[in-house]
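Have a look at the structure that comes next, please.
Lettered A, B, C and D in written order, each chain numbered from 1.
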């Protein structure tokens, strides 16, 4: 039986993995190399410095793992906390939920602040909980910067202020998987202790390389051994110590995924060439254009107020009575458009347009047109062309680059 | 000085080179090979048969040259005609003009039927000229199937009928560079003697491989040596004889461009998997959607009547007083959209949207949105979203594949 | 300052990462895809079945992780053992050493049988230890199949027999990182419970994908929750349970490294096309040719007896008074030949020739010639051409393929 | 029926196409682009200057054609000569033979000086013929610099001296297809009027791009129109005039083969990074090592005296009674080694080792080992290892780079 070819390219508008620039794909097309050769550090060493640009950090330490983002989350917890330690977190979507789940499974004592899906972390409530924790039992505050499931961005700077105002020494862990490299991130200014990223989002690479940026404070704690060694969350692969021993010489304690290292080098060059501020600005403009289309369609986003709007992904509420999953499936089957599905609480209620990574106006407008067509085909009452009209008018007024 | 990176991909909507499917690009990423190895014919031989699918031919003979399409034109003339021979052709655009020019420079006696740009070959006039040529001095009729400059397709079947009705033995040469592989082409049914194609259009490959399909009649004449050898249009590289000697064994008289051979094999597989009739249908639907957008904008195509409409490229007349070149430049600079320029007579008057090759709805809608935005930015009065609204409504009703 | 280009290719003869076939590199050159799309399982599902060929397993369950081999080791321990559990292992090289270290760091109680480097696991001693463990405190036996540091292969079949003869229920864990896909491996026959492999060796891929094959017994234990949940080696990323929930439907609990999945599919096709028995035979013939060269040079391998010879890597003892590290550096600097270094106990004493992965006679002979030249340049008394003479004579008599 | 995979890479030692550096292959993996875009000249313009490095020219003009080398030969003749013009050439191998054939088929009056195969052009005889041509009827002298069929390099500097000594104004055309980029070439010093190269040799690219370097004198003559236009060798595709009109602006009169342009840019960067003098030196050292192997085997080269030795290809005479074609076939079938066949007069008598392009010591030694094994298998009496011993001893003493 012959395959049936779908003409043209797939239009990938999920919130990651993101579109990979051709030059990055090219850079990854490499033969094997000896990762112990004298020439290898010339590739590796600059990556530890250059990757910091997207974290907004000078002082932090970068650690790479062949791993997805989940592994990096785990490394943050396993290297700094002991079994039974108390951590504080807010939960307002699938990814913040999963982080809670992980912490619990690792044996941590997790204080969960549940927020409505469509909102984010509440700095006031966090400050309150910390102030109440007078004997500093809470060892870490964990926040998901950009909740991919609902298209909501939390204000990490405000969380930091709340921690400081409470005079609390807790570590601050931030999941920046769907924000870092796309949204402004200020590791040093916000005094984040562990910032967690994955290659397949703002880095514009395939999945497979987890990236951590750790503060000096986090590193120091990881070295301390904890109050009684056998209570530490014993991990070896994700133990930073093995990395920290070898990385400074330009090597790794394991065999690194060579294509991703070359890809990372090229992706960071792309970011530098565009300018990190232009990258952030572009994400904002494309996101706002998407929101203009949503408004023109007469629909609502999952984000409950503009202040929660994410500039990397927009979760759109399907009108009452329409199955969002059907729209997604139809968009894929008929128009080769990949949209993000609603997860968990919002399954079937939302579809998501990811607008992060290597993207420009016309690609986005194609996707908006496609979403519109899929909705109409599925019975949603939307004026044909209305989304593109609104988005394109906005885009004409707002250049992607600030020059 | 650092380069400035443009984010996202270029939107390529010129009438060739066309977008290359990823899998075809991949197939071309090959190390060098011995083109005299025992295994080489296994790659080469099927290409001579398989390439015929896009010519609508069983009886023809395929010849490949490392060359652009211009070289293939020349090979058609050089192998079958003698200096001073009379040929008949119609001229209605830049590419038909260039073919006239070539024939004249080669020393042929060219009878030119000038038609208005925006129309095509006139079978009646051709028939008339042939009937008047009672002693059969006219050795060949040359027709450009799809005039890329104006977005006009001529009716080759009707030309063949006119030739037959005149009972004239002239050869029929057809430039199918921007039609073959995209528009229905019926080499055998139309009794075309030389059909000329280039890799960078319907074949969805980079430029560099010229493809000819020759009839048995043309081949026979090429072997004849002409009425007095030294009057033949002496060519060596483009002499078919060298090819015809080696090709049947799976080899070439020159070193072939290996990546293009592998690419061709993959591209032909793509075409087979989609189905050649689906390929033609898809080109028609995307072209019609484009024309719907043009109509919604209140603009006119260069093609003067619907019967001339090309399904591979639409040339759009800019409104009076607006410089089409400015629209094109703006579309490229601001939106990374590559449109085709007006050439020669229509320079500055038209811009062209190429809609051939590996393409689907949402890519096209992105381009339509971009053309619209560029026009508005340049002062054309167009309702935002109108083009996409019209095109997308048409596309929703008309699936690309007939299943 | 301009870079200085080294002409020609690097000759990679380390024991992994191995050379990647061009077609596998090509297969990995892919754009991003939605790993939740309806089409995704068509890629993924067959991999779980097809990958078993190199494990010699029908009954096992394959689990993939974006990870190096070290992570897979850890997953084997973390999913089946509890803190304080007793495990038995033999140590005879750097990689068996590292496994001991990991087990200890994870809080296991490790019984180590030290064997001379250059030998391997001693089934008799293992049997003895098991027979002595009358109350079955030993939960697992851990064996490194092919000790990459010394070029030694242990007899896993014999270890199994020893376990069975002792009537002991311990699990059998085998590190097959530098053997699986290159040396005969019989998971089912040997009743291995966890077989551990990495993409960058016999799979002929870049590093980044860890591959585990687990027995039904191991899976069952992993599901049991242990004798008191909080004693389990709490891990989340490497918890099989999350994988086992999603894998049967063709999805993953994390974003998978897409290029490696496509690469794996192509690499498995390569293996099938060559025939797994031919793959094993080829590795044996190339290894034997290497040993013939070593003998002709008048040198000795690290493997103390022929029965320990590894067919994937040969560790060669430099003559007294010659620094093996100098030979390796010179081979790289002068001849662009990458050899493996001696590790730990044998640092400076051995250099290693990896002869696994995608390789044939002439590549190996080039490397043998290069090793010879480097040795002579470094003052080793070796007859020029002697290694190639011996190896090539053997290779002429012993075809790579058994047809 | 499943394909049978051959493990490892093919060892390509034909005199072209040559091995392509990985980074050049990568550079060619590009999507389509508008070859009329404002950005295009930034790619194209430097190529016209940078390509001159391999011609040893500052004053010349580069012209590129999508074509094999044969087309470039034809363009040299067609743009400067008229039908019936007299040209002088020497013939001493298959490629000099083919050039004679082309000139004759184009209607030129060719004076052929036949030299023994295994020797080259005789400057004295050429000088003699020119001196005898007192009324300067001879319009051009055509010389094949490196006769690929016999592994013979002619002395172009000496030919130039002979022309000058004769005080003759004839143009000097040099086929440098298998020399340019590999052997020292001094276009300006030797006052060559047309130097002809193809992408698939010293440029380390796939075939498909012909490269010409023309002197000001040749260009001027091409513009002259000849003594009576209709006697010119009418060609259009290969007419320089169309190129010369567009090239200075960074465009082409035809659609250029984009991947080859990007590949050329990268290949020229490779050459610059290695240093053109190092490139020449490396070719000499590798060639001399090959000849040392031949001598150690007790065999003879086709080149009759050392002064004719080519540094890009060595043609080796099989011993009496042994069919060289059998050796070649066996080397390919059994060892995946591609050697060059004997052509025409020397078919079955010689096999050729190409040692040009991107190559280093160990690749060559692998090929020498393979040739030796193939010969022994075919009954040639050769001491195993003797070729590698001799070649490697030479290579140890003679570094590839002069630093």
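In the analysis below, contacts are C-beta pairs under 8 Å (C-beta built on N, C-alpha and C of every residue); 3 or more make two chains touch, one makes a residue touch a chain.
The structure displayed is predicted, hence computed values, not measured ones.
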item	value
Most distant chain from subunit C, judged by the mean position of its C-alpha atoms	B
Whole-Å separation of chain centres (CA-atom averages), subunit C against subunit D	46
Distance between the centres, which are taken as Cα means, of subunit D and subunit A, whole angstrom	54
Whole-Å gap separating subunit B and subunit D, where each centre is the average of the chain's CA atoms	34
Shared interface positions of subunit D, touching two or more other chains	9, 19, 22, 25, 29-31
Pairwise touch network: line, ring, star, complete, or other	complete
Parts of subunit B lying in touch with subunit C, wherever the complex brings them together	22, 25-27, 29-31
Subunit C-touching residues of subunit D, taken from the complex the two chains share	2-9, 11, 19, 22, 29, 270, 272-274, 279, 282, 334-337, 358-363, 365-367, 369-370, 372-373, 376-377, 383-390, 392-393, 395-396, 399-400
In the complex, subunit D residues that touch subunit B	9-10, 12, 14, 16-20, 25, 28-38, 65-71, 73-74, 83, 101-102, 105-107, 198, 200, 206-209, 230, 233-239, 253-260, 329, 332-333, 338, 341
